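Two complexes, one shared chain (chain A), two partners (chain B, chain C).
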Partner chain A sequence: MAVETARTEYWRWTESRWTSPDIDWRNGGVISGGVDVGSVSTQAVVMVDGKLYCYSNMRTGSDSPESANQAMAWALDGTGLTIDKLHATVGTGYGRVNVPFATKAITEIACHARGGNFMYGPSVRTILDMGGQDCKAIQCDEKGKVVSFLMNDKCAAGTGRGMEVFADLLGVHITEVGQLSLKVETEPPPVSSTCVVFAKSEASGLLRQGWAKERVLAAYCSAMAHRVGTLLERIGVIKEFAITGGIAKNPGVVNRLAKELNIQPLTTTMDSQIAGAIGAALFAKALHEKKGRS
Partner chain B sequence: MIEKYKEWYEARHEYAVQWKKKTGGKVLGYFCTYVPEEILYAAGVLPVRILGSHEPQSVTEPHIFAMFCPFCRDCLAQGLLGRFHYLDGIMISQSCLHLRQAYTSWDLHIPTQFSYYLPMPHHVQSRHAVPFLRAELETFRKRVEDWTGTTIGDADLRRGIQIVDRNRELLRTAYETRKREDVPMSGLEAMYMVVSSQMVDKAEHTQVTEDVVRVLEGRSAGRSGTRRLMILGSENDDVAFVDMVESAGATIVQDDHCTGSRYFWDKVDANGGDPLTQIAERYVRRLPCPTKDWPARRRIERIVQFAKEWDVAGAIIIQQKFCDPHEIDIPAIRKALESAEVKVLFLELDVTVPVGQFKIRVEAFLEMFAGDDLF
Partner chain C sequence: MLANYGYKDGSGEFFIVVDTDKCDGCGACVPACPAGVFELVENQYDIDAENPIAAVTKEHSKKLKYSCGPCKPASGYDKAGMACVKSCETRAIEHSW
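And then the complex of A and B:
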């Protein structure tokens, strides 16, 4: 009989949900929803009169409409709210056109700028969205409107998926990768390729040469910081600067990027992964109010 | 009748086979729009442009460097895959290094009766360019005469000029109608129109275009309310890409492509003088490709003029990956357009376009034009 051994999925980050203890949607005016169906994760946000009321953050499944439904159902769990009570909802992310209950689809570029403005304040001019499978450098104005943007090209280098692959390769939980990578006495040279597959081969080689895990992670985080750093330099980094998306939670990349660009990113108490969904929910509110006016 | 262009585009190979059967004439495949089609028409040869198919392929790897542009690889692939089996000859006029590689590799692996490399001068701004090219055209005329067994006299050349010029004139008239606020044709229709003119007998194309131009007078493409854009770059016959852009809420109203305005904008305008000199003058002073647009960048002036006259809000610059001549002009073009208050989106194309990944960029670009009512 085959023996099944337990296998830890180091890449698997914890899905989460949250409800504001201070808001009762029954007393509110406009209830708006935002759903960001990304390539790796999906977030659903509900805002009441433009204030964050509840959200969920979970992995995207193979079926985008189903992921959107599940994320919103989980966000609303225990609130007494139902999807039909949302006045308007905007879908964003790769699956933006597949959100069954959405009023409109808006790109995650516009939504991250809008959400970044909400989370980090109107002084933000440059936003780096480090997502699961791509990376976007966005410049916006004081209202959170996109002025210009750049995206990385086809490959998954410099993205959350790459970090997940490394967590698994080294057997370090994804949430600990960043901190561990900072525990090196001297900074190793970055891995030479940031293509995930090639970087993984290179890392395997380094491990065989006897490199410690933290050193390999430092080399990868450093390569990733350099790669997104060049993307940002192409668009120009104007203060203030903020990072959204999952990698914003990885100090191994964030600290190195801050050092490379010589600019400290703003911080937030909110979950950096929900920026796109927040932006979508704010657009949904504006769409509902615009409809009321016309 | 405007649908005819799309039919021709999609059945380009069948068309050429039929044309040969019908006329008994020779078909020549050419790699670059600096090829003097006037001389080929004068000899009764049908010039057809060698373009790619935008499909993934694995046949060119042994023949062309992977860091050469996707277009030159896609073109060579068509030859290696036998799709242009009916060609009696091929030619190139001195073009960029990458496309020359496609031509020489084709010449090596797919022998045809006739193969010609026309040394078109790169330095077209030199005062020697016209006499140099005129002399080269004289040699070329003789080679075509030997190949076809015909004599190409000045009267034949004038007829060739007349055939090609009439088509150019009509394409330009059609483009002029796109200045209207209610555009009479979509960017996709315009692309089919021009690209098909590189695939079919100009006399036949002209006949259809005479009618199309009349129809455009009273036609609306039903695209009001969409954002007016122009599109710039080297070769572009990527209909899926243009369709995606136009479905996202934009209308392409003008372009700078060698499958678009650069191909037909300038005429020869024969005036009774020496036709070979006039043809040489036309190719030397035509809207240039960046390989020939130096030391002064004449192309940028025309791009900005187009942007203003066709009243575009934004421009999409599409760059064939690894195309250095085009890439080197991009900062200057971007600067010129942005000073004229035209927003710019830059996209880098490979043989196959990841439509999804470009769609988000195009949609986000179009969202930037929206007012502030959602803020």
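And then the complex of A and C:
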């Protein structure tokens, strides 16, 4: 008879929500919403007059409309606001057409540029979004308008999903993967394959040869950094540089990438995963104001 | 804006670049491409834009190497002679390989 043992979900990151202590939506003018339904995570953001009011960040379920509803409901939890009070809402991300209460769907490239501009300031020219299942390199101007972009969604190499697979394989919690990978004395050669599935079998081989966990993680993080580094080469890296998405929280990849590109990314006190949803909420505000003008 | 559609993998870089500042949304590339790689989409990068812009379909952006293969120099075409490039009067379309 099979015995259920306690399992730890090493890949599972903490979902979160936040409300600004300084803003009361009742005193505000335009209340706009942004929902970024990604392949791995969904974020809902509400802004009051273009200022961040509240947000939630949670895992995307198998049902995109339901994930969007849940994320927005959680973001609004305890604020007294309801979805019908939002003047306009923009959906973005992989599941953007599946946001039931959205006024409009806008591509995540435009939203990340706009959101990156808000989070990191107008000096940002290059934004790298390392998402759950794809990777985007964006160049933007001082207003957060896209100047050029490149998106790789052909495979999950260099993405959050790949990191989740490695966290699970090594039994290291996803939030500790980056720090642990930096504990190596000498940098091992990167795993030769960036494909997640191939890299996973390569890593199991390395573990069998007696490699320590941190060494395997270092080899994977550096392969990941190298891969997105070459992706950035095509559009070029102009100062200032910022990374958004879940991988921005992984110092194992971020530090190695900074070294490879010889440029230090900007930091933010906000959650790096909400950039797309912030951009969407800012677009929603612009759309609402445009409607008012015409 | 330069929109890079495509990917880079172990065998090379396969991108179609659409310059949306040059593209006037005429749509000539859509029927011109024998593989049906292009579509017209709303210009979401510029909120005030009124014209649509040409884009590579989601389906083809992941297999451009194969979609564009029959028109490539190895098959006897030069870049300037490719159906999409030739159809675009404003010269908004470029190929990376």
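Rule of thumb we're sticking to: the second predicted complex is superposed on the first by the 291 of 294 C-alpha atoms of A that agree within 3 Å, B and C clash if a C-alpha of one lies under 4 Å from a C-alpha of the other, contacts with A are read in each partner's own complex, and residues count from 1 in each chain.
Convention: a contact is a pair of C-beta atoms (placed from the backbone, for glycine too) under 8 Å apart; a residue touches a chain by one contact, two chains touch by 3 or more.
The shown structure was predicted, so the numbers you read here are calculated from the model rather than taken from an experiment.
Overlaying the two complexes via chain A brings chain B and chain C into a clash. Once the two complexes are laid over each other on the shared chain, residue contacts for A:230 go to chain C alone; chain B is not touched. When the two structures are aligned on the shared chain, A:94 is found in touch with chain B, with no touch to chain C.
Look at A:252: by the touch rule set out above, it reaches neither chain B nor chain C. Once the two complexes are laid over each other on the shared chain, residue contacts for A:287 go to chain B and to chain C alike. When the shared chain is aligned, chain B comes close enough to touch A:144, but chain C does not. Legend: residue contacts after superposition of the two complexes on their common chain; A:131 is shown touching neither chain B nor chain C. In the superposition on chain A, A:107 makes contact with both chain B and chain C.
Looking at chain A, you'll find residues 106-107, 109-110, 145-149, 151, 153-154, 283, 286-287, 290 touch chain B in one structure and chain C in the other. Interface residues of chain B, counted against chain A in their complex, comprise 348, 350, 354, 356-357, 360-361, 363-364, 367-368, 372-375. The touching residues of chain A, counted against chain B in their complex, run 94, 106-110, 114, 134, 143-149, 151, 153-154, 283, 286-287, 290. Residue ranges of chain C in contact with chain A, taken from their complex: 1-5, 7-9, 13, 15, 44-47, 61-62. The touching residues of chain A, counted against chain C in their complex, run 106-107, 109-110, 145-155, 230-231, 234-235, 283, 286-287, 290.
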